[in-house]
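Per-chain numbering from 1; labels A, B and C assigned in written order.
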Amino acid sequence: MVSEESGNMIEFFGDVAQWFGDGANWTGAEGILNRLSEHIQITLGATAVAAVLALPPAVWLGHRRIGGTFVVAAVNIGRAIPSFAIVVLFLPISIRLGLGFGFWPTFLALLFLAAPPMFTNAYAGVAGVDADLVEASRGMGMTDREILTKVEVPMASPVILAAVRVAAVQVVATATLGALVGWGGLGFFIVRGFATRDSVVLFAGALLVAVLAILTEAVLGTLERRVVPPTLRERSASIETVVA
Amino acid sequence: MRKPFRRTVVGATIVAFALIASACGSGDDGAAKDGPTITIGSAAFSENALVAEIYAQALEADGYNVERKLNTGPREVYAPALESGELDLVPEYIGTVLRYLGGDATSDSDETHAALRLAWESKDIVVLDYAAAQDKNGFAVTKETADSLGLAKVSDLAAHNGTLVLGGPPECPERDFCLKGLESVYELSFKEFRSLDAGGPITVAALEGGEIQVGLMFTSAATILAKGFVLLEDDKGLQPAENIAPAVRKEIVDAYGDDFKTTLNDVSKKLTTIELVSLNKFVEVDGKDPEQVAAEWLKAIGVTE
Amino acid sequence: MTGPALIAAGFFSWEWVVNHLDDIWDRTIEHLILTGIAIVVGAVISLVLSVVALRYRRTYTPITWFAGLLYTIPSLALFAFLVPVTGLSILTAEIGLVSYTLLILIRNIVAGIDGVPPATVESARGMGYTTRGLFIAVELPLALPVIMAGIRIAAVTTIGLVTVTALIGQGGLGFFIATGLTLIHSPVGTTQIVVGTVLSVVLAVAVDMSLVGVERLTTPWSRKRAAT
C-alpha cells in the first residue's frame, strides 16, 4: 500500500505500527520473517567465515610479531573498500561464474567488510600482549604453542571478541545493500520503500535493521562478558575506541 | 557535474581551464546560449539513459549548457525531482507517466499525449512532441518455458497461477501496468515476486538462471531477441501507448523559446521504435559506449555534423 | 558462460577510461568535496558535543548512544528516507554522511582529551592557564594523535559511503558504480564499476596517508601512534 509521508509524525508512526500489525506483512517469501531469517543467515555466515579466514593468520602473525606494517597497510586498504562497490563489482563476476546474482556478491562484499578489522584487532591484540609476560612464561618453561594458547590468545581475547562483535554489527547494517542486486534480506523493504516512495515500508525496514543490529550488539556483548575475565575487560574498552 | 575541459596536472590550472572551457561551450558550431543550465535526468535503465544522452548531445551541439544526472532512479524518485526543479528534463513514456499522475492512459498516442500535457501543466512542466518510438512494459519468458508451458500470450499465464515466479523492478507490485495490472486485468497470481531491476541485466540473469519464470522486460529491449526470449502478447491490452516524449520544466522552455523546442522535436521525429531497438542493441548486446552510440546516431540522422 | 578467460575478456576497457578522463577527474573532485564537507561539519559538531560531554559527564552516554544509533541505520535507508524531505541534493547526502562521522569522532575526541596525563593538566593550571586556554593550548594538541586516528577512520569510512550517494543523484565515484550496474553485461558497464571501485580505494588510501602526514606535521612531539 502506497502511503504518502504525512507531515504528521504521530500519524506516520501509526502507519508504521499498522504495517507491522498486518499479518500479511510477516508471512510469505516477501514477508518480514523470511527477510529477517535471510538477513540473520547471511550475517552469521559472513561473520563466521570472515573470522575463520582472518583470525588464525592474524593471531599467528601477531604471535610471531612479524609483518606489522604490512598488516596495517593491507588492512587499511581493506577498510577503504566501499561495500557498495564490492557488491556491484562482484555481480557480473558472479553471473559469469554461474553463481547468479543476489546472494554471492552480497556475501563476498560482507567478507571484505568484516575480515579486515577482525584481522587488525586480532593482530594488535596478540602482538600487544605485554612482552615481559611472554618472557616470564618462556622462563617458566612454556613451549611456543603453550604461550600462544595459554597466554597470548586469552590476553588478546577481549580485543578479538570486541572486533568480532563490531564486525557483526557492521555486517547487519551493510547487508542491506544486497537488495540492490536482487538479494533479499531486510534491505528488501528499504529498496522497495525507496522505489515506491512508501516511507512507511522504508522506515519499517530501517527500523528492523537497527533493531537487529542492536540485538546483535547486545547478544555478542553478553557472550563477550561471559568469556572474558573481568580484569581484562577494561583494557579492551580503551583499545576498541582507538583501533576499531 | 560534467564540464568539457582538458586534462591537466596542476590543480589551479584545472580550475582556470574549467572556467575558460565552460564559458566557451561544448559545440564548435553555434554561439553558446545564454541562460540556465539544463539538468537532464533519466530512469535507471540503459534505454532511458541512452535517450537522455541523445537529447543532451543534441542540445549541446546547439550550444546549450547541459548537466547530466542520469540513472537517477525509478519514477518515484526522478519525477518529484523534475517537479521540484532539481531536474529540468527527463525523457518520459507517455502512458505510464500519465497513469502515475493519476490520469487515464489509452492505447491512442494522441489522446494520451494530450491528456499528459494537461496533467502536467499545473506543475509547470511542458511535454514536447512525442516520438514514434514506443517502449511498453512486456513480460518475457525463456523459449524453454514458453515451449514447455505453452505460453504465447499473457493470458496463457492464468493456467499456471500460483506456480510461477515473477521478477521485476522494486516498484512493480505497485504499478498498474506491472504486477497490479496483471492481477486485476489478467487475474494472475504468482508464487512469488522477486525484486530485481527495471528490465535490466539482473532480470535477464534471473530468467536465464531459472530463478524467475516471468520477467518484466521492456518491449524495445534488444536483449529479448538476442537471448531468444519470448515476449508474451498483451492480448487484453493492458499496456497503453508509451511513446517517448521529453518532459521539460516550463522555465527552461520559456527561457529559450522555440529554437529549444525545435532542437528536441527534430530528434524525436527521427526516433522510431525500430531505431530505438537498434540503438538499444548497440548498447545492450554489442556493449558499445552509450555516449558513442548517441553521437553516431545524431550524426547519422543529420542533427549533428 | 564459464571460464576465467571469459571473465577477463570484455571486462575492462582501457579505451573507455582514456575517453572519459575528464569525467573521471570531475567525479573524483566531487567525491573529495562531498567527503571534505562531511568531515569538517562532522568535526565541528563532534567537537561541540565532545566539549559538552567532557563538561557534563552524564551526557556522554546519551550522546554516544544517539551517535551510535545513527551509525546503525543503514546508509541506504538514511539517504532514502531523507530524499522526500530534502530532495536529491547535496544536503541530503551530507546530512547522512555527517551523521556517520559523529560516533567515531566524538569517541576519539573524548578519549583523546581523557588520555592527557592529569599531571600535565595540573602543571599547566599551575602555570596559570584558564580552563579554556588549557583546553585549546594544552589538551587538544596532546589529544591530537587519538583525534587524528578518529579523523582518519571517519574519512576512510565517509569516502566509502559517498559511493552510496550515487543512488540519490550525488555520488562522486559512486556514479560510475551505479551506472555500471545498469550495464553489467557490457564492458562499458564493468569498466565503470572497476574504475569506481579502484579509485575509491585509491582515494581513501591517499587521504589516509595525507592525514598521517598532516598529523606528523602538527604534532612533532608525538611519535607514538595508535595501533591503526
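Here is the rule we go by: a residue touches a chain if its C-beta (ideal position, glycine included) is under 8 Å from a C-beta of that chain, and two chains touch if they have at least 3 such contacts.
Predicted model only: the values in this text are computed from it and were never measured.
Chemist: Provide the labels of all chains in contact with chain B and in contact with chain C.
Modeler: Correct list: A.
Chemist: Taking each chain's centre as the mean of its C-alpha atoms, give the chain farthest from chain A.
Modeler: Computed centres place B farthest from chain A.
Chemist: Suppose each chain is reduced to the average of its Cα coordinates; what separation in Å results between chain A and chain B?
Modeler: 38
Chemist: What is the distance in Å between the mean C-alpha positions of chain A and chain C?
Modeler: 19
Chemist: Specify, in ascending order, the residues of chain B that touch 2 or more different other chains.
Modeler: Residues 73, 77, 80, 197, 201-202 of chain B touch two or more partner chains.
Chemist: Would you give the residues of chain C that are in contact with at least 2 other chains, written as numbers and ranges?
Modeler: Touching at least two other chains: 83-84, 167, 178, 181, 184-185, 189.
Chemist: Hunt down the residues of chain A that sit against at least two other chains at once, touch-wise.
Modeler: 91-92, 95, 181, 191, 194, 197, in rising order.
Chemist: Over in the complex, which chain B residues touch chain C? Could you list them?
Modeler: Its residues touching chain C are 1-7, 14, 41, 44-46, 49, 69-73, 77, 80-81, 84, 86-87, 197, 200-202, 204, 223, 283-284, 286-290.
Chemist: Which residues of chain C touch chain B in the complex?
Modeler: It comes out as residues 10, 16, 19, 21-23, 25-26, 30, 83-84, 87-89, 167-169, 175, 178-179, 181-189.
Chemist: Which bits of chain B are touching chain A when the two form their complex?
Modeler: Interface residues on the chain B side: 73-74, 76-77, 80, 169-171, 173-174, 192-197, 201-202, 205-206, 209, 211.
Chemist: With touch defined as at the start, can you tell me which chain C residues reach chain A in the complex?
Modeler: Chain C residues touching chain A: 1-2, 6-7, 11, 69, 71-78, 80-81, 83-85, 107-108, 111, 146, 149-150, 153, 156-157, 159-164, 166-167, 174, 177-178, 180-181, 184-185, 189-190, 193-194, 196-197, 200-201, 204-205, 208, 226-228.
Chemist: Given the complex with chain C, which residues does chain A contribute to the contact?
Modeler: 5, 72, 76-77, 79-86, 88-89, 91-93, 95-98, 120, 124, 128, 169, 172-174, 176-177, 180-181, 187, 190-191, 193-194, 197, 199, 202-203, 205-206, 209-210, 213-214, 238-239, 241-243
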